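For clarity, chains are labelled A, B, C and D in written order, and residue numbers in each chain start from 1.
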């Protein structure tokens, strides 16, 4: 028998006997014969644990991890340092082998941890209410858009072209198939074109929400106050997509009048994991609280008057309202939200500010070094957080190739999503990078330009 | 299950009390009993004009969120803001706790509704 | 152990620290010379100030308030709470997997792409579908993706405008109708017949050229295999609709029968159920979606492909519905599922279903004398009891709560809605007959207590970190975040 | 303060260094250590209050129940012996004579506890209305004292002194003839703070002894003597009305938001017709909770405005000791009563912004 299956031949025989059956085949007597799989599954033989380890180790070695490469790549997934306590505590099986906390009496650990996570997200964004987390930033954006459509009874969503293309693609898929309209707001010198936005607001009475990201995809800090001003008093909701780490320094969504704040929570203590699982957050103001999708933990009391936590505001959720539900979501990213909470608790206000500050300082150092040469020029001249775009004399693919040769993971090649920006790299510098690493990046990029450069410098 | 005489009833278990051209609308004892402890009542804006059959409120209990349909077309004159503070009033006194009052556009729509006897009949059929 | 009841915020003491960061070694400038003042925030973050020890003790104490699979039997119906192998966690923590960026050049992540490709192939074989995407984040997300594909299919045929209805049985998981509604479909519920199967006659009545498709779980939520599945598929196909397979209950059919062979066109699987990846207290899950050949072009991009010995991500799929999630799905979860499939092998997977089914039937048989069994026939991986009738007003909830006192996690209760006071039990294959016997004797003892001392049940559980909680107050006056001013 | 009345506990108060003030003709402790400290003691441990100034009126006779049914808005027939009931006594126009608590001592014997400020008015009104009924109304205010012990630790503290198990007393129930450190008392599980707690009714001569015993037993458990100051902030946070603020002869119970204590279907009673009409047609004004969004502390009697027009008045306002926010209750025209509505409060020369919020500022911790 198999190590994960305790039933022995004898047990099986005994149980079959109790059921008055002779063979395990009889258990499937109700499956029509022609549907029974003939000859079994065409899959490899079972591996012993040793064999499995050997195979998976080999596969993992076919990847160059960020242990081997120095990462200057961001574009939606970020290489921040994760304190050891996060991994250690999240690996407690009391957390990871339990289910959604339907039975509060024996799930207080998960429930309280999520309640604390909700509190931290509210404090970070300045918003009144949030849920127990979403699949990722992109789907959080979708749910925010749906909240806006439902609560305003309008059908169009305006999204800035400076919002992460990955997010806009996902939003596009949903809005298209859910029957909503999407309008993209043009950009101007790397930021949302506020003039166009103003016209849009004036000319469109069906706008449910406007989505702006800050720092935006190019790392630039958008003028969210101005956006807030434009939307102030209008029925159209202001959805702001933010980087949680940046909120340790930049204005909170509540400070510029956002109705919904969303974002990708991966930077908060979650490993890169080749793209997932991550954790999206979605926070909002009191008046939209009851429209929050997914799980929400609330504080209450047990019959002895003791403080207790429980899933609440579930009345509009799928398991209760079925086809009238406001969302079909039924899982959150429990473990990832837990990791985010432990990360925030570990860093605290001072740690988060220090991380954000080092990101800003190191990114700007790299920016100065790279642009003072004149070989690489800033693509935009706008204030940025920890990512910036430069345009150089060489195909970015070539630059990245040389960087890879030097053990460096280069920036994001912007033409993949913005064909107009050829020869442009989006470079990300987190608090993890050192002066030496940055200097090496600059040096390598310059030498590439020197040997390949068409003399445009 | 209390059914009050002199009111109009719908198959969705709303009641209507008419005074002049104003219709006061709430949910029946049967409805509140079916929902259990009511925790939240979503109210429309005063001045909204709605058609018969429109959803004008959502009532939430712990385990359900139920749409409340407008039995007669009209303009919302009053909403019972007391329900925001104490939604449980509907559990305690369903026929006393109206949710909205509308100025009826067409009181002949009332003819489509059931009287107490018909509603009693309807309930007994349903169960 | 002493009862621990602190919030992390209540541990906070000004000046405590749990982090350490290297000094900033680059030349710096004042922040407001780098970012304009008007963009800088002023409000405090109000994070707790604690030491590393505080954090470790806090979360360790919290964890001790959870019941989990590693604690004991977790017979939650339709959730497949099987054992989560430790080696899977170890594998997922290899630097080469955990610490790679989704946008790295393909040549630097060949191992990861190979894992995705091989898992894709394995799932295609297990389900009998032509092509599988790993992108959906969870079962519900898989449903949504599958229905989007269904919509794209009808759209291509110019029929999306008229095909507005999705049929689901009344016993379906709540996510089915919800997913359909999110995409603007009208949901038609068909009643089950007295055997718990889809009522073919009722189905015929609702079929027409306005039907986009039907969603079915097989075995269904009653744990019953749909004997007329072929006929159902034929009927729906004849009406021009597609068949969607909700894989929540796939643990009953591994290596036995395949949705592809049954006639389903689109399916999803829950890796966190059938393929042993942990539920994580509510996530992350993973809900790969598989389709038949002519629907493959609609799958989300990118698709992992193998050319010679190179693995690539193909974004060039003009008919694709697009992306439903960032990057490629929950890679780390897929990784664990792949490790599981390799550990089980073909024969092992078949034994999973055999043992899951025999465990369920063994329990059903042992309990049916004492508890109501509304539909008494051979079940698959799970079964549904009807609770106790007028036994001193003892409810199904009371039974569930009392089970906690006996050291068991309660089954799924009050679902499916088609059975009154339902108790839905799924033992899974990773439980021994000894555990099942212990559970049975607890269930039987409870029926005795219901007669002799009902208050024992009504007040249960008795020795848990908290007792039964007041859900009404929680929903009436929601407190969903801690603030120093909230007292209660 | 020569002609002011004093409770039997007066000396105890002065010994404890209480600040004494004139309250409705009584010389009462407004505070000892300080309102905030006393307030927090009650929320976290326990507090002991002298409320002997309250009035006690006894109704005896075959018509006692029907007489009370006619006098009050709540349904007296719904309480059995050893149960009590919060209710209003109204004028025919629905205005409130007083808010009172009715104890059912025996089938035909009741006690009503009434506000100190209303004793004479109430008793005169009761007697007038009682004329047609076969009932004897006796004012016992002069012989009885009332001590309240309130807070999470109240049961633990009191249990040490009494010869009964307080666990068995449910909320708004009482037992008579209990010995509390050898003195005979009537103990009810009730109070005016939003916390679990008890009210001890006993003879004047026993009051000081029991008071001292309770302090002895409780001090180590955090029990503090509390004055009328903390009593008011506590009841306010718990959304309990004060006669003269939320209730008056010009405010009906429905306008005050206490409809749950008005049973229109129990049969006739004084004020029923007026209240019934008000409920059916909807209120024209009602008391709402509000929170200052600009910095300023609202006080009883301040005007409430909406663009320069007076739309109501503040009934009670504080900087809430528990919530650390400036919040209040105000009577406003119905059009301004929806949650989230922006209103202005006239605080001295300035009009400061506030918004309408839910009234249950503090979730009561009564024992179920």
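Definition applied: a contact is a pair of C-beta atoms (placed from the backbone, for glycine too) under 8 Å apart; a residue touches a chain by one contact, two chains touch by 3 or more.
None of these values were measured; they are calculated from a predicted model.
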item	value
Minimum number of chain-to-chain touching steps separating subunit B from subunit C	1
Of all other chains, the one whose Cα centre sits farthest from subunit B	A
Cα-centroid distance, subunit B relative to subunit D, in whole angstrom	35
Rounded Å distance, subunit A centre to subunit C centre (Cα mean)	20
Rounded Å distance between subunit A and subunit D, as computed from the means of their C-alpha atoms	53
Approximate Å spacing (C-alpha centroids) for the pair subunit A, subunit B	44
Junction residues of subunit A - those touching two or more other chains	301, 303, 315, 320-321, 324
Subunit C, residues touching no fewer than two other chains	471, 473, 475, 486, 488
Sequence positions of subunit D contacting 2 or more other chains	358, 360, 365
Subunit D partner contacts - residues on subunit A that touch it in the complex	286-287, 301, 303, 305
Interfacial residue positions of subunit B with respect to subunit C in the complex	37, 39-40, 60, 62, 87-88
Contact footprint of subunit B on subunit A as seen in their complex	290, 314-316, 320-321, 324
Subunit D partner contacts - residues on subunit C that touch it in the complex	473, 477, 484-488
For the subunit D and subunit A complex, residues of the former touching the latter	152, 196, 340, 365, 367-368
